[in-house]
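One chain, chain A, links the two complexes that follow: it is found with chain B in the first and with chain C in the second.
Now for the complex of A and B:
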């Protein structure tokens, strides 16, 4: 309850120190500190992604060891949301209203970020570089305070569509997608490229996450006479798809979302030999690829791991993702030149040109503008050889829509 | 036309999965006149036990029968410890217990074994498609296993004294007790049998849908539709119901309502059966004088 003394004190402070009012406009920023908020699934079904948050904690420790940014130490506050949207809302409100962070960085998950999308935009809190590939984060007209980072699923689908049109022009194409935000991004990406021809050239089948199997959908797509198949499915269903396609003796040119290219949880369960020839795409350097054994960017990352996370699993791709996106954040914050007002942060977020994160494939650069909130829009294709994903061809950029 | 044949065969194959789970549901219902919502989770746990045994280096069939024995024991223990104290409680209490069981077993499985997808081997392995890709060796094999289990269950209830005693205990507990049947133990046996059948179902399902703690979540609903369709107190009806739901679901999904409404087909079957013919296609109509 504001007592009379509080009000009096506030009034005097307001009169005597106009600079104090300015500090009120700069939540999370003091002369010595910059507070950054984050939520991660450290527990629960998606807890494998928790290493991203762990990597960030150590990353900012490194930044602080090196003197911080514009004279300020980073205070990275990260909470567990269990990958549960209501929990995310609770934790983000705590970050914004209680901890008073300057901005939110790399909150993880599509359903979780969807739950706070409106809130952070109403409160005008920068909600930047999310860990999710949904396309809807790149919508500066309606949600000017939110921006993703990695190539969106829609961009990815555009890249596959461009490639299949080049490889098999005129072929009948089949699309299997999960009937939710994730799967529909692929549907939209295909429509972007196929345009008016979409209805005649593409046969689609959707599945629900509650479906026990996708056998019936695969059978329908095959009997439609498709020679190309694009699979926008989460790992379990992707493995089922690869297996079923091989079981029924169908041999399409097969594109697979890079959400489901894990060797351990997709390719091996499906049977590595059944997936030979499947095409996917990537934008990060795969740390197990011998081509990057002496790469400068990857050595920078390895040095960080050796010094700050010596017990981290060097084969876990979440670490290279985390390092790349955190480096990008530092690049952007340095561009702020010490002005960490929320407005300036968003201005600089929309003003990144040609930045090359160390763990991203060479040639792929980060570019944004007030109308382009899709920082990374290029990828390189890769093919499954039976034991590994082998990159081929040049970089392909998403369609302009 | 080729597509139609494919849809039907794929439907029979998934129907086999529903049928085996439906059989387990009917077993519990036979013994206790309750539907166990945790049936799917118990089957998943059993499958994880089998997986652990195989990981530990046991041959497939040893793990298979070992799991059946362990699952039977788990079923009996669950009945003795958790269900028995509430045996005479109102139906809502039972439902509460079953849902609690579902959550506890489901989450415990995830906690112990993790949520990543695991490969479960099939005993009917073959890499080449049979009958021009219509059906895989595993689908054929698992359908046979389901039918074998059905025959065993039928023979058990029809020809053995124990089976007769179990039927008696379920239909008329008071008279059964008067003629010397230990009704409590018959119920426990029913739970054990249902858990064992569930384990077989789980081990047949896992090579197709891959093993993870939520494996049975979608299946249970379809299995329930199958069990109701065939008649919840008729094992053969439930199996036939399971197969029919698999085929109907595929045909409706592919040609009538579209894939988005496949689950709705299962729900429509449940409601349709309950409204039009509550005892199912093959169930006995029970009349009781009040």
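Now for the complex of A and C:
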């Protein structure tokens, strides 16, 4: 029977085990291995996103089963950061300085990535394909080692602005936004498209995350005579908006950020019939949409899920996101032609043309250049029918700013 | 805190049964060995581990602050993350908006946190035990949202937070910024630990403990309980706030998301694991809360929280009175066997 003393002694012995470290010229790359670093919120308030990291672990297992990339096996090292910026700094420093990874891939979260933004750029470590929709990751002049992936909130707003100008030219537009990074990206996207006309055509109202309701904002926007409403609000406030707009009998052409299109947490609480006609946008194929039941790309994803993550929830959109972005990484790494130096990785990241990730809506392609660090800039609109989001129209691309 | 704390050997009989004073040469020797052990990582560890250790010392300092009010004075606080945040923001705002040097921000941060802590101390007089825990908990819940508020956004940077830069090592010293940060942390934390040590072993420290163990008796002996409790809160908030200041420069970034309620809980865990009402225990608590989550994660990525919980329970089982208790038991055994 182990006593306290035995357990203590064993614990001390374990802690004393030596750590191995090696110096290399080409960080994270050997003849047989390519080390990739990542942080994810496996615990803490955002742990629902942890499935993205889990999907990646299995994805790279599949890549290795198929022979790896340029003869090298992928060693995907992922750490929990609890969605806490100080923890992200610690974990990223561990990845870069101790594990000596070649680059960071798909680190998740806006505040967490903000905390390491300067560090990775000072160290010149590729910080690529982040899991966050903020627009600031696409700034190659100041931060040449950081690049996002999904369409930024700003791009999304540009797409709505283009569509509303086409549908109702000259109409008075109302913009309701959350007063933070997220909401302001929508404000900027609208400004990009409206340009000099913004001040005369758009009436804005903002709210704080701490506000109990947005009722007064909605009333003031309606009384300004707006015929179009763009809502950049997180789910709770989006539901309130849909309800209030319907309650006061306002019938604007209503655009809603795709952050808040969850049926369960927005549309149903607001009242499904109240939201009929609301327009949003997407770039990923929705796995529950029957249109993709026999789609080749989605079948490829389903095959991966069946073989590598058989217990994964097939309705969880984080899996299709993770698969698409990981496929994109493989595409970029193959383009490196075996030269995995950090400089060449960034060169190839800025040189992707026309790649179509399997879980992304057909026609949307990944394109970058040394001055364009926004890989996905197209989306398709969708309309709420009262029970589901129905895609319509062609692809719309963000504005060139 | 419960009455069993009254049986705490160090706390209850410590002040009376001071062992035959340690000879001065031996105390000097202990001090030198301590300094050598504290400085050894500078040469032994590479920059990442040094950074981790720096963070652990910072957490230890924050736990020390909590220990003064919780451990020694018996007022449960689940809201010390709020003081940690206020200290961090005080330093960040002064450094990024006014270009103050880090050293100059420390007194300001200490005073701001001390004043807020003093203010919190007043409701604490009326609220005891669980009620106080909940009140302070609500403080910790509120702070990240207050930091995002529009009216102070120009100062706090809102959700985006603020960026700042580590202090540069002085020109003459051959140290990297990481090494210098460690030295800075050691100096500040060392000074705070020394002051706390003296405070606890002084007249006031004994009064704090007496107030915790038996307030009625303490009052009958002529102690001003209200003033003791509010001041304990002020000192405690001050120390935790200074730790927050250090963490802001070590991380070089502050944002409301950095100071969720988990910080308060983490500090509480550190205090209990390290040893309630123990100065040295705070140091172990800091090491625990920084390193053990990493160990938990290395064991399982699927459910690091579960592993962390299991480790925590194991610790409480193996070391029911914290690391400090373990050391005390070892010390006693050594004394028995000459």
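Basically, the second predicted complex is superposed on the first by the 378 of 401 C-alpha atoms of A that agree within 3 Å, B and C clash if a C-alpha of one lies under 4 Å from a C-alpha of the other, contacts with A are read in each partner's own complex, and residues count from 1 in each chain.
Here, a contact is a pair of C-beta atoms (placed from the backbone, for glycine too) under 8 Å apart; a residue touches a chain by one contact, two chains touch by 3 or more.
Just so it is clear, the structure is predicted and the values come from calculations on it, not from any experiment.
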| item | value |
| --- | --- |
| Chain C versus chain B on the shared chain A, clash or fit after superposition | clash |
| Partner chain in contact with A:239 - chain B first, chain C second, else both or neither | first |
| Partner chain(s) touched by A:249 [first = chain B, second = chain C, both, neither] | first |
| Contacts of A:269 with chain B and chain C, given as first, second, both or neither | first |
| Partner chain(s) touched by A:78 [first = chain B, second = chain C, both, neither] | second |
| Partner chain(s) touched by A:179 [first = chain B, second = chain C, both, neither] | both |
| Partner chain(s) touched by A:205 [first = chain B, second = chain C, both, neither] | first |
| Which of chain B and chain C A:114 touches, first, second, both or neither | second |
| Chain B versus chain C as contact partner of A:45, first or second or both or neither | both |
| Region of chain B that runs into chain C when the structures are aligned on their shared chain, from 96-104, 114-122 or 204-212 | 96-104 |
| Shared chain A surface residues [contacts with chain B and with chain C] | 45, 179, 208, 210 |
| Chain A residues within the chain B interface of the complex | 45, 48, 179, 205-208, 210-213, 215-217, 219-220, 222-224, 235-236, 239-240, 247-250, 264-266, 268-269, 271 |
| Residue ranges of chain B in contact with chain A within the complex | 2-3, 6-7, 10-11, 13-14, 17, 110, 115-119, 127, 129, 132-134, 136, 205, 208-210, 212, 217-219, 221-222, 249-250, 253-254, 259-260, 262-263 |
| Sites on chain C touched by chain A in the complex | 46-49, 51-52, 55, 145, 148-150, 153, 158-161, 163, 247, 251-253, 255-258, 260, 262, 293-294, 297, 301-302, 304-305, 308, 314, 318 |
| Chain A - residues contacting chain C, complex | 4, 7-8, 21, 42-45, 53-54, 57, 78-80, 82-86, 89-90, 93-94, 96-98, 111-112, 114-115, 118-119, 179-182, 208-210 |
